[in-house]
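Have a look at these structures, which come just after this line.
Next come two complexes, and both contain chain A; in the first it sits with chain B, in the second with chain C.
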Partner chain A sequence: MRLLDVRGLSVAFRSAGRDLSVIEDVSFSISRGEVVGLVGESGCGKSVTAMSILGLLPAGLARVTGGEARFEGADMLTLSARELRALRGLRIGTIFQEPMTSLNPTYTVGYQLTEVLKIHRLAGSRRARAAAAMDMLQQVGVTAPERRMGQYPHELSGGIRQRVMIAMALIAQPSLVVADEPTTALDATIQAQILDLLRNLNDRIDAGILLITHDLGVVAEFCQRVLVMYAGRVVEETTVEALFARPRHPYSRGLLDSTLRLDSPRSPLPTIAGSVPSPGRRGAAGCHFCGRCARAVARCRVDVPPFSDVGPLHRVACWNPVP
Partner chain B sequence: MIGRYLGRRLLLGVLLLLGVTVVTFILLYLLPADPARMIAGRSATAAAVERVREQLGLNLPLYQQYLHFLGRVLHGDLGRSYMQRVDVSTLVGARIWPTLQLMLASIGFELLLGVTSGIIASLRPRQAVDRIAMVLTFVGVSAPQFVVGIMLLYVFAMYFNWFPMGGYGSPIHIVLPALSLGLLGSGWYSRVTRSEMLDVLSQDYIRTARAKGAGPWRTVMIHALRNAALPVVAMIGMDIGYFMSGVVVVESVFGWPGIGQLMWQAIQSVDAPIIMAITMVSAIAIVMGNLLADIVALFVDPRIKLR
Partner chain C sequence: MVALANNVVVHLARHKVSTAAALVVLAMIVAAVFAPWLAPHGPNIQFDNGLTNSGLPVPPGRVFPLGTDLMGRDLLSRMLYGARTSLVVGLAANAVAVFIGTVLGVVAGFVRGIMGAAIMRFTDLMLAFPALILAIALAAILHPTLWIVIAVIALVNWTWVCRVVYTQTIAISEREYIEAVRSLGASPLRVVLRHLLPHLVPTVIVWGTLGIATAVQLEATLSFLGVGVQPPTPSWGNIIFENQAYFSTAPWLVLLPGIAIVVVALAFNLLGDALRDVFDPTSRSRS
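And then the complex of A and B:
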């Protein structure tokens, strides 16, 4: 059975009295032990996709308008707030991007770590919780855990903070981990260390990981499968090997090209001109990418391209895919 | 670290005290009232009045009078009341405790009403509680405390007869005066709490708390409130100054035997030693209030360092 199975997820933002569709008909699945990357430029709806599954969208501003997200069999989108809370932190761990702002500045590392255990009643006594937290800190490679327990986030370096964040997400041994740009705020060496750490820890707990990133380097390093999102839709889904060997969607192609170019210092210009259209400017008809696409044909402006197989485990939504 | 901080605070406090006494001294001197005449009595001869003036040193130049005053204060002598012929320290001392009670009760009201309604308003912005708090704040800007005091008296003491009209002694006596002092302030606390909470609730760490499975109570009361509390704590410190000015009128309206009422009487009879003493007590209270707020802030937010 699939660990997480998302079908037809649609999300709308409420703005000036009307609903603006930001996520349209997104489907994907993750199995245990699998690492799936969700890539795209910022504003493509990657985080909104993840947050809507977790029920963490800002209330009153955004709402799910359709679809289902089955996690271990139960549809997350129809669970009550209480049932959802029981899953978050316990069965699903979340790692956020900016460990400076994502940790509460007024509580110690120890408090914030043991809190997960306290909320989900995982360890009987205060002492047992502290022991489990220190053990977890050790596992994420934080030295002198006893001392760290009493420290506040502002007393730690960015790398350590992110390790604490990971420890917090994994302390209850969840079966699904959502990692939203887990390494974006960190410099390159620490980025590699954190990814290594995540991989090693996951070998042990065998969770499914949904990794949200705009960085194809991270995807290549870490994921098995990848979903490319553009303007609220999944445009390509394939294995990491296939994506790097032969991307079929013009947008994926553009992302790859700009990543490769960024490696060479001489041409810093992104390959894809323009930017992701904001939800109000997408229009219902046609391919959202047509404004920036060099391969656009007449049909692209009229009909939404269907998501269709172009090979084993490889699907693309495009009328005129890259050969 | 903390020693240096305290030292500086103490120095600032002493400077403030000096400044306040100088200003009050000059103001009292400039008043047209003649304390020697008032003490000697209306029918006293010019010579008798002159004798009193010399006895009290009121014939000396202002700066000498001030230095004498300062010298006495440094020896712990606050002088004698012109009107009541009793040591000022006895008079003022007996009234500090009632005022302190009133202050604690009114700050308690302010926090209870203000912070609670601020939290609720931040969770439901632009709905009923939010609106009510906004109106209260608006009234607070425009209506002076004695108006509120008299309104409370009228409604709850005269009309409903739930509370006594005034007096001191039992817990029930404290309700109306404390409300008069605290009600308007609570509107301010409500506003500050609301805007801080709105800001804090949109922070990333609140989302993290929810992602950990924290329920609404834990999210708001543990993760958000502590981060929103700092400006509220700073406000309590400042509030003591505001309180000291309100207490004069409110204690008089309710017949509360505190230093505010004493001040009111002293002002009416230009009883300079009492006015000077109460001014100093108020200044000390304000300095202490801010000091206390700084120290409480240390416990609320670990990022704060005293400097």
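And then the complex of A and C:
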């Protein structure tokens, strides 16, 4: 059975009295032990997708308008707030982008790590909680865990803080980990260390990981499957190998072409002209990408392209895919 | 917390104006607490020699350092005991106001939606309503005692705290560590008590201190108008009220309590400003 199965997820933001659709008909699934990348430019709806599964959309501003997200059999979108809280932190761990701001500056590392255990009543005594927290710090490669437990976030470097965040996300041994740009705020060497760490830890706890990123290098390094999102829709879903060898959606192609490579000729870096249309300007008809697409045909402006198979484990939503 | 207290002390010592403000506040607290020992006479004793032969209050002199009032009572003693009244009313009324304001502000800022909007519109309504008229009306209906005066002032004073706490709550709940702790499965109650309130402490301390100045003034105003603290219990406001007829013949009876009110209100205001500078270095206007 699949760990997470998202079908037809749609989310709208309420703006000036009307609903603006930001996520349309997003479907994907993750199994245990699998790392799935969710890539796209800023504003594509990557984080909103993750937040809606976690039930953490800003109340009153955003709401799920359709679909389901089955996690271990239960539809996350219909669970009560209490049921969702029981899953968050315990069965689903979340790693955020900014280790600088995602830790509460007024509490020690030890307090914040043991808080997870306290919330979910995982370890009986204060002593057992502290022991579990120190063990977890050790596992994420933090040196001198006894000393770190008593330190405040501002006393730690960015890399250590992100390790602490990972420790908080994994301490309850969740079966699903949502990592929202976990390495974006870190420099390149630390980035590699953190990804290695995540991979090694996951070999042990065998969780499914949803990795949100805009960095294709991270995807190549870390993921098995990729979902490419554009303007609130999934436009391509495939294996990492297939995406890099033969991307079929013009947008995926554009993303790959605009990646910096060490071995590339000294020519200007190609870019995709224009920017992601904001939710109010996407229009209901046609493909959202057609305005920026060199391969657009007449039909692209009229009909939404269906998500169809173009090969084994390879689906794309395009009327005129890259050959 | 120790570091915080240390910061406050260092800051207050470094700025002359803040030092003066802190000393005035300290002096008032000492006067209020030790009034029975400091006062040369009882506050309500009418002295035979407290009035001149023509029945007028005695000017400041050896026996009565600040003179006597219209009934021949010692003004210094009445003012020391009046400091008690002002301090008790100022602190108690403001504590209640800060409590109401913080609770409503946090609820409105954290829950938002219809509930939040309703609370904030009610706060706006209370803010727009002339505070003094409301206070006079309430005090007149409820037959003023010390506790009624405290309640009335609290009822008028909570709105500012509520507004400030509301905006501050919204700002803090947008921070990522709040979302992070929610993603760990923390209940709303835990988020508020453990992760939101501690960050509101500086704001509440600053506005709590500023509010004392307003409360002291409002108490004086109500007492002056006769709907506040009732004679013979002395309060700076009702000393002025009782003696206003003697303004031309015995001006010290009105001027001294008036000056006391102004100085203490000013001191609490400056102290509040100084605390704000300690807690929020970006708002520092002077260095």
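As a convention for this text, the second predicted complex is superposed on the first by the 312 of 323 C-alpha atoms of A that agree within 3 Å, B and C clash if a C-alpha of one lies under 4 Å from a C-alpha of the other, contacts with A are read in each partner's own complex, and residues count from 1 in each chain.
Criterion: a residue touches a chain if its C-beta (ideal position, glycine included) is under 8 Å from a C-beta of that chain, and two chains touch if they have at least 3 such contacts.
Everything numeric here is computed off the predicted structure, so don't read it as measured data.
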- Fit-or-clash call for chain B and chain C when the two complexes are aligned on chain A: clash
- Item | Which of chain B and chain C A:80 touches, first, second, both or neither | neither
- Message: Output check: A:59 vs chain B and chain C. Expected answer is one of first, second, both, neither. What do you get?
- Response: second
- Query: Of the two partner chains, chain B (first) and chain C (second), which one does A:143 touch, if any: first, second, both, or neither?
  - Reply: neither
- Task: Tell me which partner A:152 touches in the superposition: chain B (first), chain C (second), both or neither.
- Result: first
- Report, in rising order, the residues of chain A that make contact with chain B in one complex and with chain C in the other. 54, 56, 85-90, 94, 96, 98, 101-106, 115-116, 119-120, 165, 168
- Query: In their shared complex, at which residues does chain C touch chain A?
  - Reply: 112-113, 175-177, 179-187, 190, 194-195, 198-199
- Inside the complex, what are the residues of chain A that reach chain C? 54, 56, 59-60, 85-90, 94, 96, 98, 101-106, 115-116, 119-120, 165, 168
- Mind pulling up the chain A residues that touch chain B in the complex? 54, 56, 58, 82, 85-90, 94, 96, 98, 101-108, 115-116, 119-120, 152, 154, 165, 168
- Query: In the complex formed with chain A, which residues of chain B make contact?
  - Reply: 202-205, 207-215, 218, 223, 226-227, 300-303
